[in-house]
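Let me begin by handing over the structure; questions about it come next.
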Amino acid sequence: MIRVTVWNEYVHELNEPDVAAVHPNGIHATLAAFLSKEEDFAVRTCTLHDPEHGLTEEVLEDTDVLVWWGHMSHGRVADAVVDRVYKHIQGGMGLIALHSAHHSKIFKKLMGTSCNLRWRHGDRCRVWVVKPNHPIAAGVEETFSLPQEEMYGEPFDVPNPDDVVFMSWFSGGEVFRSGCTWTRGNGKIFHFQPGHELYPSYFEKNVQQVIKNAIRWAKPITKGVWIPVHEVAPLENIEQAINDEE
Amino acid sequence: MIRVTVWNEYVHELNEPDVAAVHPNGIHATLAAFLSKEEDFAVRTCTLHDPEHGLTEEVLEDTDVLVWWGHMSHGRVADAVVDRVYKHIQGGMGLIALHSAHHSKIFKKLMGTSCNLRWRHGDRCRVWVVKPNHPIAAGVEETFSLPQEEMYGEPFDVPNPDDVVFMSWFSGGEVFRSGCTWTRGNGKIFHFQPGHELYPSYFEKNVQQVIKNAIRWAKPITKGVWIPVHEVAPLENIEQAINDEE
Amino acid sequence: MIRVTVWNEYVHELNEPDVAAVHPNGIHATLAAFLSKEEDFAVRTCTLHDPEHGLTEEVLEDTDVLVWWGHMSHGRVADAVVDRVYKHIQGGMGLIALHSAHHSKIFKKLMGTSCNLRWRHGDRCRVWVVKPNHPIAAGVEETFSLPQEEMYGEPFDVPNPDDVVFMSWFSGGEVFRSGCTWTRGNGKIFHFQPGHELYPSYFEKNVQQVIKNAIRWAKPITKGVWIPVHEVAPLENIEQAINDEE
Amino acid sequence: MIRVTVWNEYVHELNEPDVAAVHPNGIHATLAAFLSKEEDFAVRTCTLHDPEHGLTEEVLEDTDVLVWWGHMSHGRVADAVVDRVYKHIQGGMGLIALHSAHHSKIFKKLMGTSCNLRWRHGDRCRVWVVKPNHPIAAGVEETFSLPQEEMYGEPFDVPNPDDVVFMSWFSGGEVFRSGCTWTRGNGKIFHFQPGHELYPSYFEKNVQQVIKNAIRWAKPITKGVWIPVHEVAPLENIEQAINDEE
């Protein structure tokens, strides 16, 4: 079983009827609904409003892959929680950063850049598979259209990705590396652009397939960093050799 | 001085009045015209029709960066010439592969892939700078439009680039990694998508700036591969140490 | 089941008693012996001496991952077979290139470089895990020693790998990126340095673990390249928009 | 002129006679001494003890490349100064992180990882050029020996570098990616392993050549991030087209 924790700030849905109409129980519930149908996933959800935002040491210790959606309330996420999530990612927990999570504290802390991008509401979006044999592209159509999405455009200020799996086209003239992977410590990270709160992208079958694939790809191989921080003894004894040369 | 050799198959221009109208003396002459204005460039041109396609050992030995345009006559380039160019790139000569040079023998031999892509004539193209601080992007506008270009679309079947410097948007719905760099041996390689024979892209100031930047970026630091192919002596004497351990 | 084909040139073992003492039935048999114990592997072997070197269209069509060992007889591998293997790798077949396979025709054709390196017989080798959370490093000790190996040293003339999973230390003073991954077309490629014919490296448990992991990592997600080579129709209809601007 | 600022924590040299014997005026003075001989460099130095550690907004605005040496006092560097340096690197200022600067606040903030590594005092170190045609390797011997250095060993917990230019061998059995590049925002970053405070590595000609090359490589192409953070207008007018389809 892959232990999946879906985190959502859950603010738009409570305050904006238009968003609530799309995600009546919150974006986290929309995500959990299709993820829970997978036999190898054990899914829990939590939000900004839970104590410690639901991301206690116990929950993170029990999480293989964390899915993150946040937008207008990045600043309300406690730094102590961000540091805890960061530590777990270094130790091997996977992170799936969805849509505006590109500007979350945790994603920016992992990237070491501003993660800025161009943006605009209400464009048509077309997603392309760029690396068809990547595990995250398995079973995804070579291209699919999202009739309404928020435009995210280049330059996307992130470090060179390990792999660019998807790229997006927008009707207003922009392009975007819309599905990218990185490694930080032992943790695997994937950012995926679709998912503005007003549009039903998380109900689209290809989008769902990408997120399921990404979770399976990001599950840890090993958990726990074993790089020693203390001085280590030599493994090869070549003192005599050094003397020989002198 | 950077010694630049511009190679062009020079077939469309001789056979098609529409192309000749754009490039009366050939695409190589169009390119050489703006490159020759640079004080640090020494430019020569040659074509498919020259003996050994103009790419003799003497010419390549005297070349820092080779610019390549080819399209319908890739198959007419002699394998012996391709092998010679390949050897010089390994030794440090730079290669700027323009437009349909993505399917040239030399580019495919360097990539180790099919270099296939989607294509269609006559779209509008918009180029975006993705990596603004890369030397090849210096002085280039953050985005510029080419009213008519051949669409090149993803997936572009190439190995992961070292850097993606530009990406393109097409009016028909496609996206493309339109300016990418790779290293092969000591040689630096850059592919740039604009430049269909029917359209005046090589007269556009940003396109010209990109090609000039790319030439300066691709000039060799060292020429000549010094990796030994014979057995080498040990640099550290630790025989005694090995005995100590036994 | 992952369909594994182990290919070996099988020349040293027939001509040199010292090598036959290590690999009485050939290196391919040594490899197949431990690979066949894996329940998810279906293993076959073939050699240079088989018709078409055993790598017919039927065999390759029935292969998910090809393991390759060759050394002194690279030049005897028929170009037609190399081209066939190349085509299958582009289509998604994985390739595990062992030891001196770095100089095989197929590996060089995929890399687009000389694949030269420094070399010397009979050093002590110590392998280090560099990327512990990579699937190929799963269950491998953080470092392990091979008392006798052929030294392979940098510079290793290959394109930037996607990932450097292992690096090696040699008693004579050299270092090497000893376990690297690349993608070519839909095919995943892994080169692993240990395995000189005179030394029992393929009996070492960590070396075996690496090769088993690499096979599982390299199995195709999709087989068959679906990039169209013919002209494609536009997906978005923006003719009207173009007219509007004029 | 490239405006170079050399920053040193300057603590070991004041407290430890053995270190003062190697660097009588501090490591920053040792570095500035050979850097100042370059006609294209304008060099200034500052240390932890200066107001704002010498890294005021004015100084950073006037800096193209910042060279950083720190070790025991990383924790004493004010977070406000780290944030200011970070902002300037995002905007294009280069950073050369020397030796134990791998654990500095600024380097870890840029990497998004622990930057942990194995370490031990007093090994022999041999540096190898891995990417001979990289600008940072220009004029550097293919290998050179440092008779005494602190061992830094893999796994080095950093994100995949853009380029691995150098690798090091240590007499105790370890290996290390000792000269790596990354890009963050518009800033170019290079880490170089040699330079323990007790050993005269910064007087070695190859080490000096690497640092000079790195400074020239890291100078900004453009300064100032121009990625808009506000909503942007569409560049292509395809409203009509969207309507056509409906």
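Order of writing sets the chain letters: A, B, C and D. Residues in each chain are counted from 1.
Following the convention adopted for this analysis, a residue touches a chain if its C-beta (ideal position, glycine included) is under 8 Å from a C-beta of that chain, and two chains touch if they have at least 3 such contacts.
Small disclaimer: the values here were computed from a predicted structure and weren't measured.
Novice: Strictly by the touch rule at the top, which chains does chain C share as contacts with chain D?
Specialist: Touching chain C and chain D alike, sorted by label: A, B.
Novice: Which chain maximises the distance between its CA centroid and that of chain B?
Specialist: A
Novice: Taking the mean of the C-alpha atoms as each chain's centre, how many Å separate chain B from chain D?
Specialist: 31
Novice: Chain B to chain C: how many Å between their CA centres?
Specialist: 29
Novice: Which positions in chain C are in touch with at least two other chains?
Specialist: Each of 124, 126, 131-132, 142-143, 153, 155, 160, 162-163, 169, 171, 173-174, 183, 185, 235-236, 238, 241 in chain C touches at least two other chains.
Novice: Are the chains arranged, by touching, as a line, ring, star, complete graph, or other?
Specialist: complete
Novice: In the complex formed with chain C, which residues of chain B make contact?
Specialist: The contact residues of chain B facing chain C are 90, 109-114, 116-121, 123-124, 151, 153, 155, 157, 159-160, 162, 171-174, 182-185, 225, 227-229, 231-236, 238, 241-242.
Novice: Once bound in the complex, which stretches of chain D touch chain B?
Specialist: So the residues of chain D in touch with chain B come to 92, 124, 126, 131-135, 137-138, 142-143, 145, 162-163, 169, 171, 183, 185-188, 220-222, 226, 235-236, 238.
Novice: Would you pull the chain B residues touching chain A in the complex into a rising list?
Specialist: Interface residues on chain B, with respect to chain A: 126, 128-132, 142-143, 153-156, 160, 163-164, 167-170, 173-175, 177, 236-241, 244-245.
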